[in-house]
Amino acid sequence: MVNLKINIAGIKMKNPVVLASGTCGFGKELADIFDLNILGAIIVKGTTLLPRAGNKPPRVAETYFGMLNSIGLQNPGVAAVIKEKIPYLRSFNLPVIVNISGNSKDEYAALAKVLSRTEGVSGLEVNISCPNIKHKHAGLFCQSLRDIAEITTAVKRVSKVPVFVKLSAEVSDFKQTVKTAERAGADGLSLINTLRGMAIDIKTRRPKIANVIGGLSGPAIKPIGIRAVYEAYNSVKIPIIGMGGITGVEDAVEYMLAGASAVAVGTATFYDPFASVKIASGLKAYLERNKLSSVIKLTGKVTL
Amino acid sequence: MVNLKINIAGIKMKNPVVLASGTCGFGKELADIFDLNILGAIIVKGTTLLPRAGNKPPRVAETYFGMLNSIGLQNPGVAAVIKEKIPYLRSFNLPVIVNISGNSKDEYAALAKVLSRTEGVSGLEVNISCPNIKHKHAGLFCQSLRDIAEITTAVKRVSKVPVFVKLSAEVSDFKQTVKTAERAGADGLSLINTLRGMAIDIKTRRPKIANVIGGLSGPAIKPIGIRAVYEAYNSVKIPIIGMGGITGVEDAVEYMLAGASAVAVGTATFYDPFASVKIASGLKAYLERNKLSSVIKLTGKVTL
Amino acid sequence: MKKIIEGRIIFNEKTSGGYYNMRIKAAWNAENVVPGQFVTLKTNENGMPLIRRPMGIFKIAPPHIEILYKKIGSGTGLLSKMKPGETISVLGPLGNGFTLPEGRKSAILVGGGYGISPIACLYEELKRKKVKILIVIGAKNKSLVFKKGLPGAKIATEDGSDGMKGLVTDLLEKLCQKVSCSTNVIYACGPEQMLKAVAKVAKKHNISCSVSMEALMACGVGVCLSCVCALKVKSGFEYKRVCTDGPVFDAGELDW
Amino acid sequence: MKKIIEGRIIFNEKTSGGYYNMRIKAAWNAENVVPGQFVTLKTNENGMPLIRRPMGIFKIAPPHIEILYKKIGSGTGLLSKMKPGETISVLGPLGNGFTLPEGRKSAILVGGGYGISPIACLYEELKRKKVKILIVIGAKNKSLVFKKGLPGAKIATEDGSDGMKGLVTDLLEKLCQKVSCSTNVIYACGPEQMLKAVAKVAKKHNISCSVSMEALMACGVGVCLSCVCALKVKSGFEYKRVCTDGPVFDAGELDW
C-alpha cells in the first residue's frame, strides 16, 4: 500500500499530479476524455478581471521538442469564470486552483478577494510571469523583486485560500526571486512558467507567431525547470509545484527529487491527453517498485 | 556571384559561420577532420590566466534535443595558449577570436592586454556568462549591470582588438543588459551562452553531472537565442554573433533574420563535425536560390 | 465522446492529385462520426514532431476511417512512410461536422487543396440522404486535382490544364446564378483565401454557406486556445476555437 | 585522419552473451585501424539521441569493420533495429589503440562487459604477431559471456554458472603468479571498477598493464573536454581526454 496523498500548503490532493494552467482550459473538455477525479488538482486557465480576447493568431509554433505560445490570456473574465466555470468543476472531487493575472497589484488583489471567497476554489496561482501580456514597465512582474513583494502581499492580504506564486526562470537572481515571494507571504511556488522565445519562418521571413515573442514550453525546457525547482527548494521552506516539460512519470519523479511537492503537466496534455493520468498511475507503480511507502518521500531527495 | 563576406566590428571574415567557444578546442582536432579555412572564424576555448583543471566528471548529460555541460573551463592557461595554441592557428587563413574568463575585472583586463597584443589574435570574446565557474558573488557577471560595465570597460581600455561581450539570456532585463555592454564600449555581442540547467538520474538519484548544475545548449534553446538576438538587434547598434542550437543552414538564416551578423555553431559540431562547413556552403546556396547578392542583406530582415 | 486509440493501418498508398490515402482501423465507434469532423494523429510515437497533426476524415466505413493527405513536412513525411499493420495514435472524432439546414434539397460542394477530403466525405453522406449535389474543385494545375469518387465534379485550375481556367469561385459564381437560393446550401473546405472568396459569392447570391476552417492546432480538443478564428459579435469580434467550436462555421458569422 | 562516412550495414544480428554484432562497410581505410580504437555512430539521423554513441571496434576486415554492442538505451535500441542495406553515419577511427611494448612475448587479455569487443580485436592482431595469449573474461553469469572466437578463454562468473565462480581479477591473480613479469603485458577493457582491480593486480605482480577506459563522450574527437579521466602528474593530477589521449592508458599513470 503506497500513499500518493499530499497536503501542499494546506490543500489536500489525492496525488501530486495536477494540470497546468492554460493547458486544460476550465476542465470541461478534458473531462470529456478522461475522469478528472483521477488527478490531484486542476489549475485552470489564467483569469483576469475583464474578459480578454487574446492575441491575434497564429498563436503557436513548434520548436525542437517544445513549442512557443502566445495565447494572450484569452478568458471570459472573472465574473463568467465564477458563474459558469467553477460551478461545473464543483461536480468533481478535486481541488480547483485558479490562475490569476492582472496589470497591477490592485487587479491581482481584486481577483484574489472575489475568487478566494468563491465556493469550489481551493487555491490561487498568481501568475506574475506571463510572457504574453504587456505591462506598464517593460518586463515580467517577477523580474522585479519589488513587484513580486507588492503583488504577493496584496494578494495574501485578501485571500482566504492558499496562494501559489508562479515565477519564471528568466531572472538575474533566481534565489532572491523565490525568497522574495516567500517573505511576502506566498504559501507555495509554481515553477516554472514558459521562457520567452521566438521563431522565424525563413520562407516568409515573418515571426511564426503573430505576437512575435511567445513562451517556450515542453521537454526542451525541462533541465531549466529542474534547476529552478532545485535552487528554490534549497532557498525557501514553502512547497513547490514543479513544471516544465513533464511528459512521463520519470520526469515527474525527477522534479520531485529536485524538490517539488507536486507536479503540473502542461504541454504534454496536447500531444498526449492522457499524459497526466498515466503519470498518476505511473507514480504509484514507481513507489511500489522502489518500496517507498509515500510519495512525499521523494521530495528533495536528490543525493549530492 | 553571391557575396558571403562580412566585416564584423572590424574583423573581416570570408563568411559569417564561426565555431563557438568550447566546442572546437583550439582548432587542431577539427583541422584533422576538415579544412578550417572554409570557415569565417574560430572562437577558441575559454582561456584563463592560470591553467585550470576543470570540473570533476561526469561533465555532460543529454537532454531533450540538447545537452548540459559543466566542463569548468579546463584550459592550459593564457601563457600556454599564446605559446602553443595560437601559433598553430596562424598557419590557417581565418581570424582567431579568443574567449576569456576571469574572476575579477582585473583578471579580464590582464588577459585582454596580453592576448590582444598576440600575433594571430583578431578579437576577444569576453565570457561573463559562464554557468560553470563560481565567483565571489552568487550569480553570473552578466547578471549584474555593474559588473558588465566594469569588466567591459576594463577590457576595452587595454584591448588592441575588437571586443565581443558574451551574455546569457538568463537575466531580468535583457535589453538593459545588452545596452550596458554597448555603452561600456563593447564592439559586438555574442548571444547566447548556455542556460543554467540540471538533470537527475532517477535510478541513482544523483545529479547527472558532478557539478550538479550545468549549461544547457543545443536545438532546445534555439527559440531563446533567436529572441535574445532579436531583442538585442532592436536595442543596440553593435553587431551580434548569434548562437544557440544552430544545426543547419535554416537555423543560421533564422538567426541572421533576427539580427545576427555572424553565427556560431556549437553543440552541433559534436553530433555532426561537418555542421559548420555544411552551413557555410548551405548559406551560399540559400543566397543563390533567393537571389540575394550578399549575406549581409539577411541581418535583421525579419518582417513584422 | 472523444477517444484516443491505437489505430491499425490497413493501407497507406499514393492516390491521384499527389495525395496519400490511409485507412485506419479505429476502435472508437466510427458510426458516430459526422463528415467535417477530424482526427489528430501522433505521427512520431516518442520523437518529433511532438504535436499531433489534424487530418480531416475522408471516409467513414465503420470500424474504419480513411484520411487523404499531402506530404508537406515532418509530420506528413513520417505518415507517408508508415506501413500496413503498424499502429498510430488517433484522437477523435474531433470538432463539429457539417449539418444540413432544414428544407435544403440541394447542395453545392466546394473543395480546394486537401479540403477535398471532408468534402468527399460529405458527398457520400448527402448522396445517401438523396440531396442533389453539385461539386466544384479548384487547384493550381491538373496534377493536383483529386476527383476520384466525385462523378460530375466541375474543375477549375489556375493554368487551365484541367477543366476551366481560373479560380474555383469563378465556377461557383456561374453555378449560383442558376440555382435557387432558398433550397440550396454551399459547403466549402480549402485554404482560407478560397473560403473567404466563396463566402463572398454565397453572400452575394444570398445562399446559406458553411465553411470548414483550418488553423494551427496544439491540442485539438479545445483546451489551449491556439486555433482561434474571429467571429463577429455585437461588440466587434470574438475568437472562437476552430477545433471545438468549428471547424465548420456559418460563413456569415466569420469576421474575415 | 579521422573521417565521417555513411557506412552501409552488411549485417546486424544477435550473437551470444546478449550482444548484437554489426558489420559496416566503412569507406575510410579500415587498414589503418588499430585494435582499441573506436568509432562514434549517429544512431538517429535527425532525431534523438542527438549525441553520437561510441563503440569499440570489434573486427577489422577492410573495407569493413564490425562492432559488438549491447542494447541498453535509446541509442543502442535504435541501432538494434537497423537492417542490412541501411546506412549509418560513422566517425572514426578515433582514439589511440593498444600498443605492444618492446620485448613482450606474451599477453594476458582481460575483458569485462562490452570491453570484450576491443579485446577480441586485439586478440586477432596479437595472434597474427605470434604473441602468446591468455584470455580471461568476467561476467555476472553465463548468459552474459561472449567467448566466440576466443579459444581457451578462461571465464569467471559471479554466480559460477560458467567457469570459475568469482571475479575476473581472481582468475587474473592466479595467472599472474605463474607468468614472467618482464615478458608479459596485461591488456584490459571493461567497467571502471574492474579496470581498477586489474591495475592493482598488475601492479602487485609488477606486470606492465594497459587499460581501455570508458567515459561519457559528447564529441569523441577531443574538442569538448567532456570525457576526461584523471592522470597522475607531479603536482597531483591532470584531466586527460579519454577520446583522444586514450581510450588506452598505461594503468600506472591513472589516478583512480
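Think of it as A, B, C and D in the order they're written, each chain with its own count starting at 1.
Operating definition for what follows: a contact is a pair of C-beta atoms (placed from the backbone, for glycine too) under 8 Å apart; a residue touches a chain by one contact, two chains touch by 3 or more.
The shown structure was predicted, so the numbers you read here are calculated from the model rather than taken from an experiment.
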Distance in touch steps, counted as few as possible, from chain B out to chain C: 2
Inter-chain centre distance, chain A versus chain D - centres from mean C-alpha coordinates, in Å: 48
Intercentroid distance (Cα basis), chain D paired with chain C, Å: 57
For chain B paired with chain D, centre-to-centre distance based on mean C-alpha positions, whole Å: 35
Centre distance in Å when chain A and chain B are each reduced to the mean of their C-alpha atoms: 33
Residues of chain B whose C-beta touches two or more other chains: 64-66, 218-219
Sites on chain C at which at least two other chains make contact: 48
Chain contact topology (line, ring, star, complete or other): ring
Pairs of chains in contact (touch as defined earlier), listed by label: A-B, A-C, B-D, C-D
Chain B to chain A touching residues, read off their complex: 63-66, 68, 138-139, 143-144, 169-173, 175, 195-200, 202, 204-207, 212-213, 216, 218-224, 226-227, 230, 245, 250, 253-254, 257-258, 301-304
Interface residues, chain D side, partner chain B - complex: 1-4, 42, 48-52, 89, 91, 215-216, 218-229, 237-239, 244
Partner chain D, residues of chain B touching it in the complex: 22-25, 29-30, 32-33, 45, 53-54, 57-62, 64-67, 69, 71, 74, 218-219, 267, 269-274
Touch list for chain D against partner chain C, complex: 44, 47-48
